[in-house]
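These are the structures, in structure tokens.
The same chain A turns up in both complexes below, where it pairs with chain B and then with chain C.
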Partner chain A sequence: MAIEVLIFYLLAGVAIAAAAGVVLARNPVHSAVSLVLSFINVAAIYVVLRAEFLAVAQIIVYTGAIIVLVLFVLMLVQQQDLPEFHGGRPLRRAVGFLLGLALLAEVAAAILTRSLRGAPGSWTPEAVAAVGGNIQAIGRELYSAYMLPIQATALLLLAATIGALFLARPELIEERLAVARRLFTISLAHPRGVDTLQPVAELPAPQDGQLKPAGGDRSLVMARTAEEFTEQPAWGESRR
Partner chain B sequence: MSELTTAHFLFLSAALFIIGMVGVLTRRNVLIIFMCVELMLNAVNVTFIGFAWEQNALTGQIFALFVIAVAAAEAVIGLGIVMALSRRLDTVDIDEVRQLRE
Partner chain C sequence: MDWEALIVSYLLGFVLLNILLVLMAYMTWFERRLVAFFQDRIGPNRTGPFGLLQPIADGVKLISKEDIVPANADRLIFLVAPLLSFVLAPLGALVVPFGDSITLFGRQIDLYVIDINVAALYFLAVGSMGVYGIILGGYASGNRYSLLGALRSTAQVISYELVLGLSLVGIFILTGSLSLVEILRAQQRTLILGGLELPNWFILSQPLAFVLFLIAAVAETNRAPFDLPEAETELIAGYFTEYSGFRFSFYFLAEYINMIVVSLIAATLFLGGIDGPFIDGVWWLVAKAFIFLFFYVWLRATLPRFRYDQLMGLAWKVLLPLALINIGVTGLVRLWGIGAL
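Let's turn to the complex of A and B:
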């Protein structure tokens, strides 16, 4: 057995095991670390496949940028211990697993019976070496035959940037109040010793009219006036 | 098989894709579902590059490059939605999320 095949089996085995770790890990941070391991092994397989530029791009974009983004979001959002690993939804897990096995069988049948092969292209290893390497060859191809798609990609990234800015914009006070009214119980307190209640400001009702039932897991937000409460983020002062 | 063939890469790609798919179908944490989607995109890249390697063509590699660019854009928007979701509904459990509007 050629050393190349052994290397491939090693890389592929670690990549698949790490991918399984992404799905099986209970802690999302462990999932992210497994994802890094899987991406790096796949990048090494790209090198075996003579795609050196893509291997580097994979490491920079995926393990460099996207995973850092995922980890930041993991730290920012509230983590709950979801009951999915405490026996919840066994039917869904069984169905997902069976669907996966069925698809694997179908794809394996398709791969093993594959007979159609396209005409080989002109970028043989010698031709790639003649223009100076993989990066030069990709650059020539990309900026001649794929000029319009690469411009469209620039537009796509611009649109994604604008979309991210829109999603991350500060919320309007009315939106905050609507969220707080649905998730929390707002109590308009008054200064100690003063028995006259300040006039209760009207809080806007949530647009869909859905309120969580009172009591139970609703946390209490204390505020002297509705306006004062809105100066803080609704979730900032009411974290359990 | 004592030599590397395209089938090796296709099976690797299928395995990665199906693991990602099972993750999307079974997990409830929206961030883990997002990571599984990235895993599936990456598996498709393996197929593209494997075919490019087999055919001595660069088209597959260039397509994989575009997939990486689209995945980056998708990551930005997807994580923005996750942030907005956790701010507004205070959860990352997709079973709790039934509508995108307030």
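Let's turn to the complex of A and C:
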């Protein structure tokens, strides 16, 4: 058995065990961590298969962004608000079991009807090496043969972004205007144009009785040296 | 399988990681002395000459302290999270090229641990994994301040990682490769600008990307002025509030190792790495990385911390559009063949 096959079985075993942990863990955060472990092992399998770009993309996109967002949400949600993980009503359990069985049958059918070794495509190792490597080959293929799917995906993501922005839009017209005003400022709490000086209403002039007398009988002294200053009497101390 | 090359790679990696650990210990000494200098103090100067034994004394103290696990902590995750941070931190340094090939004992040895064709993306991937140490540590502590720190760090790291990745795309367009060795080779050429002969460092052809990378890297390593996750004044140290002893020190070490790794990568990507006047060599890389480390400490001693909304606003409203503009302009320049390599 080649060493690559041994490594593959090790990685695949850990990936499957971690995937089982996702389902079996009672704490949702533990599930998320198990999923991270599973993803990392799958990425390592990609490396063994010499698909380095796929491996790194898997780590950056799935473990680095998506699971982080999942954890983010899990931390913000109170634990008791989460749906129950095990048990539940009998009907739900039965339907869940049937759905799981259907999915398993689907996957099994997909695996069994295909031979494990597909027909070799045009990208042989020599062809990949000729264009400069794995990434260059993926880039060429994606942006020539799969141009339309790429554009369609970009459009879909753009639509999702606009939808998210629309949902986050304030309801009131005044709030929208305020948001528009601070569009090009970094600070949200001090938007541009908000901290300008407003005209202040004039204060009523103080009555004579409200004015305090100027403090003490002490004269103003410009002291040039320290001695000159300490020789002066302190506040409240009468001059002898 | 080429076993000899594999063993040489492992040995190089082992040596590199050990050097990083020693450097990291002395980075803490360097920072404390330097910040003391900035603040008109003296800094640690009692343990050994110039306080040089201070990091060792600190290490002994931290290891011998009690390892406390809070009562309502998520025990397993609490224990593992700092190790995760610490283990992932130095991995990025494995793809940094430290020199060209040398011939030793009749076989050619490359002075880098490994040259993978996705090295730059690998660095980003390891960085994105590093955030798990912080999130899980903050969550597992069972402390609200820690959780808040973890949430802040999540949002911050996701935002700034986007900027970090996009700022590098210009370099990828110019070199046509993601391998740090190839990027280094591209920078060793000469750039002729009018009558001037300059090194083809990417700080000259991608100045905007360099600034963006610098800002995003400081945020990514959670250093001042972007150290919101551990803001002492608001969050009593954030995600590592509940940690003590050597687990606390692991977080601390991870932060410093991250700084060193980011400095090495930045020096390689933008300042030409080992390329320099007179003789090329690892000393140029070390000198350039040292500039970045000094810059880190300088920032910490100079700038106050950002407010949280300012932090996110800066990333999404300023840095991200600039990074996209940079990619567009670089792509157009490459398309029209101006300054083609």
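Structure notes:
Methods note: the second predicted complex is superposed on the first by the 123 of 240 C-alpha atoms of A that agree within 3 Å, B and C clash if a C-alpha of one lies under 4 Å from a C-alpha of the other, contacts with A are read in each partner's own complex, and residues count from 1 in each chain.
Quick note on the criterion: a contact is a pair of C-beta atoms (placed from the backbone, for glycine too) under 8 Å apart; a residue touches a chain by one contact, two chains touch by 3 or more.
Since the structure is predicted, the reported quantities are computational estimates derived from the model, not experimental observations.
Contacts of A:33 after superposition on the shared chain: chain C is touched, whereas chain B is not. When both complexes are overlaid on chain A, the residue A:59 reaches chain C alone and has no touch with chain B. When both complexes are overlaid on chain A, the residue A:19 reaches chain B alone and has no touch with chain C. Within the superposed three-chain model, A:69 lies in touch with chain B and with chain C [touch as defined at top].
In the superposed model, B is the one of chain B and chain C that contacts more residues of chain A. On chain A, the patch touched by chain B and the patch touched by chain C overlap at residues 53, 57, 65, 69, 76, 134, 183.
Within the complex, the chain C residues that touch chain A are 1, 74, 77, 116-118, 121-122, 124-125, 128-129, 131-132, 135-136, 139, 147, 150-151, 154-155, 157-158, 161, 165, 176-178, 307, 309-310, 313-314, 317-318.
Note for the complex: chain B touches chain A at residues 1-4, 7-12, 14-16, 18-23, 25-29, 31-32, 34-36, 38-39, 42, 45-46, 49-50, 52-59, 61-62, 64-66, 68-77, 79-84, 86-93, 99, 101-102.
Touching chain C in their complex are the following residues of chain A: 3, 27, 29-30, 33, 36, 52-53, 55-57, 59-60, 63-65, 68-69, 71-72, 75-76, 132-136, 183-189. By the touch rule above, chain A contacts chain B in their complex via residues 1-2, 4-5, 8, 12, 15-16, 19-20, 22-23, 28, 31-32, 35, 38-39, 42, 45-46, 48-51, 53-54, 57-58, 61-62, 65-66, 69-70, 73-74, 76-80, 82, 84, 89, 92-93, 95-97, 99-100, 103-104, 107-108, 111-112, 114, 117-125, 134, 137-138, 141-142, 146, 149, 153, 156-157, 159-161, 163-164, 167-168, 171, 175, 178-179, 183, 206-208, 235.
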